[in-house]
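Should a chain be cited, it is by its letter among A, B, C and D, assigned in written order, with residues numbered from 1 in that chain.
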Amino acid sequence: MTRRLLSGDYPRSRMLATLLLLILAGLAFAPFAFPGTRSLDVAAKVCVFILLVASYDLLLGYTGIVSFAHTMFFGIGAYGIAIAATRLGPTWGSLVLGSLVALACSALLSLLIGMLSLRVKTIFFAMITLAVASFFAILASQLSGFTGGEDGLTYKLPQLLLPGTKLLEAPLFGVEINGRIVSYYIVFFTAAALFLALLRVVNSPFGRVLQAIRENDFRAEAIGYRSVIYRSVANCVAALAASAAGILYALWLRYAGPDTTLSFDIMIDILLMVVIGGMGTMYGAVVGATLFVIAQTYLQDLMKLASDAAAGIPLLPDLVHPDRWLLWLGILFILSVYRFPAGIVGKLRGRQ
Amino acid sequence: MSPEKDELPGAVLDKSPLALIPVIALVALPLIPSLPTWVTLTVAGLAMGMMIFIMASGLTLVFGLMDVMNFAHGAFITIGAFVATSVLLPLAGWTRADSLWMNLAAMLLAVLAAMAVTGAIGLAFERVIIKPVYGQHLKQILITMGGLIVAEQLILAIWGPDMIALPKPVTLRGSFIFGDIVIEKYRVLAVLVGLAVFAAMFLVLNRTRVGLLIRAGVEDSEMVESLGYRIRRVFIGVFAAGSALAGLGGVMWALYQETVTSAMGMHVMILIFIVIIIGGLGSVGGCFIGSLLVGLMANYVGFLAPKIALGSNILLMVLILLWRPQGLYPVAKR
Amino acid sequence: MSNLLALSGVNTRIGHYHILQGVDFVVPQGGFTMLLGRNGAGKTTCLRTIMGLWKASAGRIDFDGADIAGRSTPAVAQLGIGYVPESMGIFAGLTVRENLTLAARDGPIDEKRLDWMFGLFPALKKFWHLPAGHLSGGQKQMLAIARAMIEPRKLLLVDEPTKGLAPAIIAHMVEAFRELKRTDTTILLVEQNFNFARSLGDTVAVMDSGRIVHSGNMGELAGNEALQYRLLGLSLDAHQ
Amino acid sequence: MSEPRSGEHPVLETHGLTIRFGGHVAVNQVSCAFRPDTLTAIVGPNGAGKTTYFNLISGQLRPTGGRVTLYGEDITALPASQRTRRGIGRAFQLTNLFPQLSVLENVRLAVQSHAGMGLNLFSVWSGHVELIERAEHYLHRVKLTERRDTLASALAHGDQRKLELAILLALDPDLFMFDEPTAGMSVDEVPVILELIHEIKSQGDKTILLVEHKMDVVSSLADRIIVLHQGELVADGEPATVIASPIVQQAYLGLAGHE
């Protein structure tokens, strides 16, 4: 059973397995273990980003493609729900329709980009995706009648998902079972299922071909694999998964805007998570996303203490200022690329 | 893609991409209601193109020579702009004086300071960040992205997160007016500086021994070493020079916009990438033409349909890639 | 005759491959040494290791009285070694003149030497201002050789100068090398064309699988068909 | 692939095949037909265009002129991967593997390609036991079974050449192309390779092209020799005849002055 679920790709490290189980348990019981709006927000964000980062790992770690358009697909998913819910009203039907349209758009766009530019060198592709993604972000803010522009869209969801909806009369384990809990578990289970699906993809015959192409695409062609097709399919699968993550995020936030889904800052966050967690491992996405989101939320509190303590010393307070937390992650990122390309997961596996 | 094609400015054999500039200008002519407006927009477009060229040329030259694409180049532009604020704001007396020479002297100081700082950072960047990942494109992208993250945070730590206003020096404000034609003075300066940079690059590359070394190094650096030259030193020099040009571009762009933000480098990076893709990765001549095309396109479309200005540049990029999948002047090597 | 160059126990690894596995041979001062062997034997790697383009993992490379193993390529070149790689390494976008100007490290090209070179390779004079990419294969090879000797060098390393050239051009090349020989140039030349090698070589070293399997003077090898067959697989009558 | 394959119908033909690099014509107007159950050796001096001719046939290069047909069908425009899928298998001169994958995985990927399972996204690769068994079979044939879990990059040179051949066998092609299969091998490793080529040949329905320098190898294996010189086909025929012809004596072996 476990073997089937994990597609035969085990953590291969006791430490890593323990860490993953802890994260799984934490997320599965988050509403009860960490009650409170802020911590549930953190848990939901972790779920969404695990999926988002895992889908990026399929591209970066397994296929060796650097794309800067991943947030674009994330955004398409989020805006799909947002626009459908705004225009067609808060019904299940409109959510399904919005999701399907968003997924179709992502599939089409990713195949188009792939076919047009995946033949070329890594750098060329990275530059083109960066240009296309920024164009898309600007488009979203320009078409304000449709997308809400810079302000984004806030919308209602079906009754079942609203905080005001109580499902049980009495609280369960001291927690009131309302629409937010339902939303959370939709996010959690969908993200978990899709993560396992991605784990399956990288361990499928297809996934092995991707790694072969990453290693030596000339030879992969010579033994009969047309690399542009494989890269395009990988690009498309990753785009679909990113859009799914966007859909979940929009469901959770009941809001979609450029800053939460399309901005280049999120692209940088994804890069940080995948590299620090461990490229080409899938589990790196779980570890990286969890650590990052927790750091984003709680590290700043810690840094505030440090910053106050360093008051009076020139520049140092600025460097450990809570707003500068990315500085330290950036340095960790550079060290990861040089010293441990397989990230935290690689480190943990290496110890065994 | 014949291998003997020369990729350097002036020695460009293939003329058809050059013709794109007048073609775009002529296509725009009937669409724009009046001739003076067209002239104004054309000059504005060329000026914008020149500034983009200053910022992009260093990046593409470094790629052509060292096969390194520095995704943190935008941060150098931002740093150049912030250094300009640190120099020009205390020199308010010079910039507010109604004397062209005082104004230019202040600008020159700012430019020199910006170029010195970004050049030095470039040098350190090459040694610490890029040197270990030569030839590994994927790691290069990642590592320079890491450099970008760190650099942006350092900028925020030093100059703060707020937008800084940077007014143009007094005598460079306003416009020359010829009848109905209005030409901003600063744009004239931008065109002059851009032409000077292009001419300087052309002369260095084609008329000096260092230029000969660089051109040979772009083709086959191993052979240059086999002839007894320490090409690495030339490479590092070019990297520092490319970074210094980013600093110069940052000053020019900041004064053009009259505001400096920590995100400005990233914004122009998009334009710079479009320009480099259009021109062909590593080609300085292609970069020059690409910059002018993008500058003109942005101004014409910005006037006709402001909402799709950036989209028009993406469209231009896609069209050119459909015509020439590796850009206007593909650099055939490696 | 003293030895200008001597390799002893040279090992070279490229990535995971152990290409040179203890190479020993000498290049006597003032003579032509031919390095022969089958494809993949390690001849090119040998020249590249001498040039410092690959780093020897073990062994000594003594040139003109100093161990140059481990020195950088520019440093090796500055000691007076000229190199003509198999690919010829022509700068296609530079003119013939620029190619030669760059090769003249010590300043302007010596006119007398240039005239002598034009005598050897008239095509270079004809196409002086043409980008070198427009030259034919043979002309490129001539430019590559001219570039390596535009200034006096103590030693020339030449990798398969006859590769892909027509017989008439090879004959011309032989003449040019004979002319060079009269100037007491020392040359280490990698070759597959045995006839060419025989007509020029004074001494010979034969490589196989990353080792030297034979070395001696050329006359001995040229006169011994059984040895040729054993070392180079050169025989027409063997299996008829 | 449904075309008849009797001895008279060529499997592969090149028609006026030509490629220029700048001013240099590497392969010039080469027309030649290859029939099944025939081993053709392609010989010629270094730089004669043999490997380039191979690259044109297997699709690594596109010709500037001429056509390549497989069972009469024009495949000039097909990429290398499609030609492999249609039955052209090629071993490379310079070893060209997946260095960071295991020996078994290198072969398994070829088996998987032949089985047409590359686009299978939702099954676990290790569950396809039949593919792994077939890969093991091919490893056994080249005597590499013991190294199955080694990374390809860690193999000795001779073993890498063997792995190269195992990959080729795993593709189960109709047309085998060997580019100097014994280059750089030690003397005791060569017979393994030659025996393997002999086995393939004795299957009877395969077409084999072989680029080789060693004349003893060529004359013991080949049914036919073609000679390339300066990119042109200068001789074609029975081994004994071709080797004895004056043009070959001069052009290929450079032994015109054979005392």
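Note that a residue touches a chain if its C-beta (ideal position, glycine included) is under 8 Å from a C-beta of that chain, and two chains touch if they have at least 3 such contacts.
These numbers come from a predicted model, not from an experiment.
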Relative to subunit D, chain with the most remote C-alpha centre | B
Identifier of the chain whose CA centre is least distant from the whole-structure CA centre = B
Subunit B and subunit D have mean C-alpha positions lying a whole-number Å distance apart equal to 49
Separation of subunit B from subunit C, taking each centre as the mean of its C-alpha atoms, in whole Å = 44
Could you state the distance in Å from the CA-based centre of subunit A to that of subunit B?
-> 34
For subunit A, residue numbers touching 2 or more other chains are none
Multi-partner residues in subunit D (2 or more other chains touched) are 22, 99
Can you list the residues of subunit B that touch 2 or more other chains?
-> 2-4
The answer for subunit A against subunit B in the complex is residues 60, 64, 66, 116-117, 119-124, 126-128, 130-132, 134-135, 138-139, 142, 264, 268, 271-272, 275, 315, 318-319, 321, 323-324, 326-327, 329-331, 333-334, 337-338, 341
Given the complex with subunit A, which residues does subunit D contribute to the contact?
-> 58, 60, 79-82, 84-85, 90, 92, 96-101, 105, 108-110, 112-114, 117-128, 131, 167, 171
Spell out the residues on subunit B that touch subunit C in their complex, using ranges where they run on.
-> 2-8, 11, 209, 212-213, 215-216, 219-220, 222-231
Which of the residues in subunit D end up touching subunit C in this complex?
-> 22-24, 26, 45-49, 93, 99, 153-154, 157, 180, 183-186, 213-216, 219-220, 230, 240, 243-244, 249-251, 253-258
Given the complex with subunit A, which residues does subunit B contribute to the contact?
-> 63, 69, 71, 129, 132-133, 137-143, 145-150, 152-154, 156-158, 161, 266, 269-270, 273-274, 276-277, 281, 307-308, 310-311, 314, 317-318, 321, 325-326
